[in-house]
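First comes the structure, then the notes that go with it.
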Amino acid sequence: MEHAETAGNKIVFSVWFGLLGLTVFEVILAYRQLPLETMLTVLMFLSVIKAALIIAYFMHLRYERASLFVTLIPALVFVLIMMTVIFADSSRLAHMRSLVQ
Amino acid sequence: MANMPMEAQVHHHAAPTGFIRKYIFSLDHKVIGKQYYFLAIVSVFLGMVLSWLVRIHLVWPNVHIWGLGAFSPAGAPGGVISPEYYLSLLTIHGTLMVFFVLTTAPQAGFGNYALPIQIGAEDMAFPTLNMLSFWVTFLALCALVATLFVPDGPPISGWTAYPPLSAVGTIAGPGQGMGQNLWAVSIALFCIGSLLGALNFITTTVDLRCTGMTLMRMPVTCWAWLITAILSLLSFAVLFAACVLLILDRNAGTSFFLPSGLLVNGQLQNHAGGSPLLWQHLFWFFGHPEVYIAIVPGFGVISHVLSVFSRKPVLGYKIIVICLLAIGFLSFTVWGHHMFLSGMSPYSGFLFSIPTLIITIPATIISLLWLGTVFGGRLRFTTCMMFALGFVSVFVTGGLGGMFLAQPSLDIFLHGTYFVVGHFHMVMGVAAIFGMFAGTYFWFPKMFGRMMNERLGKVHFWITFVGVYCIFMPMHFIGLEGMPRRYSSFLNEAMQPLMPVHKFMTIAALITGASQFIFLFNLFWSMYKGPKAPENPWESTTLEWTVSSPPPFDNFGGKHPVVYHDAYEYGDVQNGKDYVMQTDPPG
Amino acid sequence: MSSLDGPVSAAAVHDAHDIPSWGGGSLPYAVPSKKLGMWLFIVSDAITFSAVIFAYGYLRLAAAAWPRPFETPSIVNATVMTFVLLSSSVAMVLAVRASSLGKVSGAVGWLVATALGGVIFDVLHIREWLGLIGEGVRPFHNPWGTPMFGAAFFTMTGLHMLHVTIGVVYLLVIAVGFGRRKFSAADVEVSGLYWHFVDLVWMFIFPLVYLLSAKTA
Amino acid sequence: MGKAFAVVLTIITTVSVAIFVSRHWWFPEAASAHGGAMDHQFVETFVGAAIGFILAQLCLAGFAWKYGERKGDARPIRIFPGGAKWLIVLALVYVGSEIILLEFVGQKVWAAMYFTPPAAGSLQVQVLAGQFAFYFRYPGPDGKFGPIHTRKIDETKGNFFGIDSSDPESKDDIVTVDLAVPVNQPVVLLLNSKDMGHGFYIPEMRIQQDIVPGMEIPLHFTPTKIGRYEIACNQLCGLGHNTMRAFLDVMSEEDYQKWIVEQASLQ
């Protein structure tokens, strides 16, 4: 029942630096004159990486039995993917404006 | 075993002494299950009375209802229901039934009571959390009922509470002030209660199964409760967010659901930038899984009961489990079929209709497997079995209505008509309620240690079964005529010829509703006067029938049951028994 | 789901007699119930957050123009907040490890440090809120454009701040309880899960709310 | 008891089906170009559903009749021939064919109404829904609508549409309380709401669409029968929801021309 292995200092701090590094990179990126869509995609990509690092090492999921990961994460991801369907509308909404004050 | 001390502290809470800890703030899943059950009973009868008033107002708008005038001088002056009060009653009826009956009783009620015993656990994984989720739900119910007593009455925006009607406040109509706020708070609380309950159910099923109780040896009921819990966990979170945003829109001046330039009865609203569609998306993203949260526990109970009283194993146990999982999965992909005509992108409308029709495949398979289970059995027509058979009938009837509504092109005509009302009452309301009745007649001996009265039960069944067809079948017919729902009266002369049908449905509703008091009487009379129940009155195989009725505080009197058999070993007669208990030693 | 199944039956029935307590047949995930419970809570809470964030995305996408008012100072401030939160997460990791090794004082110390990080985060955040409110940002109005900017900002950051605050209280309770031997190492680990999750959510709020609304040039 | 159940269930089934088939309660007669196709698809679906309904209910009734346990009944139970296999096949075939037939073959109506743009030169009418009335606006000679200024809406001054009279595009617009269209000419409705979510439902035209505040939703159809039809609000919009109605007058071309001139003079 005791976890076979767990993150040692070396890993923990490298993850920490990794996260900080990514954050700084994001901030720098924010000041580049990129189109919003590109920026959004890149930032989200980086954030997902950060989230993955946190889940894997800080939240220790990497060292749990695979079945835990296999049941939790796909469920979450699936629901989130389904939720993105709503964006099909918001883009439409922009050019179906109706009332003027 | 790092977790040993914690396991201990979780599962070995001593039997409480003293009334409060025993019956009010009890940690015992059996007591909490009963508490949920009675909360649902109160809600369902209140909801039923409201539906009576609604039906009466539709066909006899001017009739004086004794006492109602005193109860709500504003809504029903002199006991005559006003149109706005009609909408209020409708809203509270819907909310009560969907949330506090269909979501509590089958899952949190029977689930809480039977799940731990059926999997051979001593209690739920988190007893305190369990108690908490009940009392939060109870608060939610109080908040909802309170709307009946606030000055400007309950909200009139229906159980779906579409903005702007629900978001702009009193100016939108009576009940949209305090009433709507209470409604939103109530639902938000309810979400919290359900979330806590859900994670408790999942953890319990995963971690606390007794030795030998593999997942594939669990009764179908446990599978149903597990899947329902997963659905609740994933969907109520969304509704909770939606409610928070609604509350903010109403009270903090945000505009998540409110576009710019709204002119509500003469007053320009200073909201801007939101969209009512957003609420509809968030609401139905929860709303469709909710439908299955209501019905899947019913699936479980019915599969279980049909097998017990046909003295046959469930036909295709594995397949039923797979179908339940498929339904759970698909239920997150179909919410858009509530929004075909909502102004949503018509392409997504078309896409949503595909999984909507696909989800009928597992449902159809399960229904056929029920028929296959009954086939060639030795049916014992107890009241419980009658309701199980009734469930199959009404579920098929209601389900087939879905074939029409699942198609956007037919929905263009049928959307928002009585056809829809008939459909979802049949498939979600009545079917789920039949599941609850079956569950009650089945587990009552275990819950209260006494048998219910079969004769009264049969009377109750026959009136209810015929009654629901008389109420909800005609709704399909008048739906075909294009009769819109949520109308407090019909000005359109084309609708006048249909009033007799409405009268018929109202009378049927009054009679059917009245017959529910037979059930209520039977319930409480048997609780005290019924004959003592043996350990295993139905000759069933699952763990709850291996212990005394009612079970001891820790369910198994300190013994650790060990399971050697599947849940449904019926039929082959050996040493006088045609069934094998799950705990019978092998060989 | 069937992945839950697997090892239970054979193994469990085999050692039916040397099951030390009412542990049930087995723990398919090999994690204690409380940990699984917290994981499930995190999943559903993540969905709640996502729903709010998606609502923000939905409205920003539909909006004609969305204000991008954050001057460099507030971006720096937010970056510092991110730094604080990440560091507190590391402290949390160390607290969990110390507790699992039975080093009570060490664990309590790191827990308090973590909570302190949370407090600093809250202080910085509230300071910034006050600043924005001073500039006239309200849930229903702001100087720069669509009123939804204020609404979305306060809702998302407010919801997150609420989680941080709850987390701080939770951690302190655990710290005291663990110091008094009331709570086990497992409880510390579970509280850690929650804290890391709060950190994780910020990893999305920070770019979506701040960086995408940073005033560039 | 089982036999009683069988009998009752059979009666319920026959009566329900009989009432449907008798068409005593049925759609109002279709009066629009796409109405026929929709009715046709309904009938197809109905046949499919009826088959499933009758088979399922009668099987249930039959089994309940046949397999009741008698006193001292020792007859062995019988497993369903072939186990679950054939039932699954049946379900897949039944529902599968429904899906292919209805979903993919039968979606022409939906596609025709929502995927394809309205025919060129179809009559444009703007609809403004509010608690609890519909107003209609014809573009007038210039064929253009001015914007809807909700701030300017003033029932007392008869400015139901929030028209800015200084706006050249709005000048010649014609606002009416009923909707009139010439027969057999495609119509595009531009649906707007000034306060709540409303519905726009004309059963005879086989059209329905929610009206969402903040959006202008187009809806096109072609009336084929001269007559007066009711427009109902079919989305709960508040207190007077059931009183919110207007009328659609489908007229012959010349009547329509007379009518529109008359309305223009009333502005």
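Chains here go by letter, A, B, C and D, matching the order in which they are written, and residues are numbered from 1 within each.
In this text, contacts are C-beta pairs under 8 Å (C-beta built on N, C-alpha and C of every residue); 3 or more make two chains touch, one makes a residue touch a chain.
All values reported here derive from a predicted model rather than from experimental measurement.
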Chain hops separating chain D from chain C, counting only touching neighbours: 2
Central chain (distance from its CA mean to the mean of all protein CA atoms): B
Pair joined by the larger number of C-beta contacts - A-C, A-B: A-C
Cα-centroid distance, chain A relative to chain C, in whole angstrom: 13
Inter-centroid spacing, chain B versus chain A (mean Cα positions, whole Å): 35
Mean-CA-position distance for chain D and chain A (Å): 43
Geometric centre distance via CA averages, chain C-chain B, whole Å: 33
Set of chain B residues in contact with two or more other chains: 1-3, 234, 238, 259-262, 268, 274-275, 277-278, 281, 285, 347
Chain C residues counted as touching two or more neighbouring chains: 1, 4, 27-29, 32, 36, 40, 43, 47, 51, 58-59, 62-63, 100
Junction residues of chain D, two or more chains touched: 148, 150-151, 162, 194, 213-215, 217
Pairs of chains satisfying the touch condition: A-B, A-C, A-D, B-C, B-D
Chain B-touching residues of chain D, taken from the complex the two chains share: 1-2, 5, 8-9, 12, 16, 19-20, 24-28, 38, 41-42, 45-46, 48-49, 52-53, 56-57, 59-60, 63-64, 67-69, 73-80, 83-84, 87-88, 90-92, 94-96, 98-99, 102-103, 106-111, 113-115, 130-131, 148, 150-151, 153, 155, 162, 194-197, 199, 201, 203, 206-215, 217, 230, 232, 234-243, 245
Residues of chain B that touch chain A when the two form their complex: 1-3, 230, 234, 238, 259-262, 268, 275, 277-278, 281, 285, 329, 332-333, 336, 344-345, 347-348
In the complex with chain C, residue positions of chain A that touch it: 1, 6-7, 12-13, 16, 19-20, 23-24, 26-27, 29-33, 36, 39-40, 43-44, 46-47, 50-51, 54-55, 57-60, 64-65, 67-68, 70-72, 75-76, 79-80, 83-84, 86-87, 89-91, 93-94
Chain A-touching residues of chain D, taken from the complex the two chains share: 147-151, 162, 192-194, 213-217
Residues on chain A engaged by chain B in the complex (per definition of touch): 1-2, 75, 78-79, 82-83, 85-86, 88-90, 92-93, 98-101
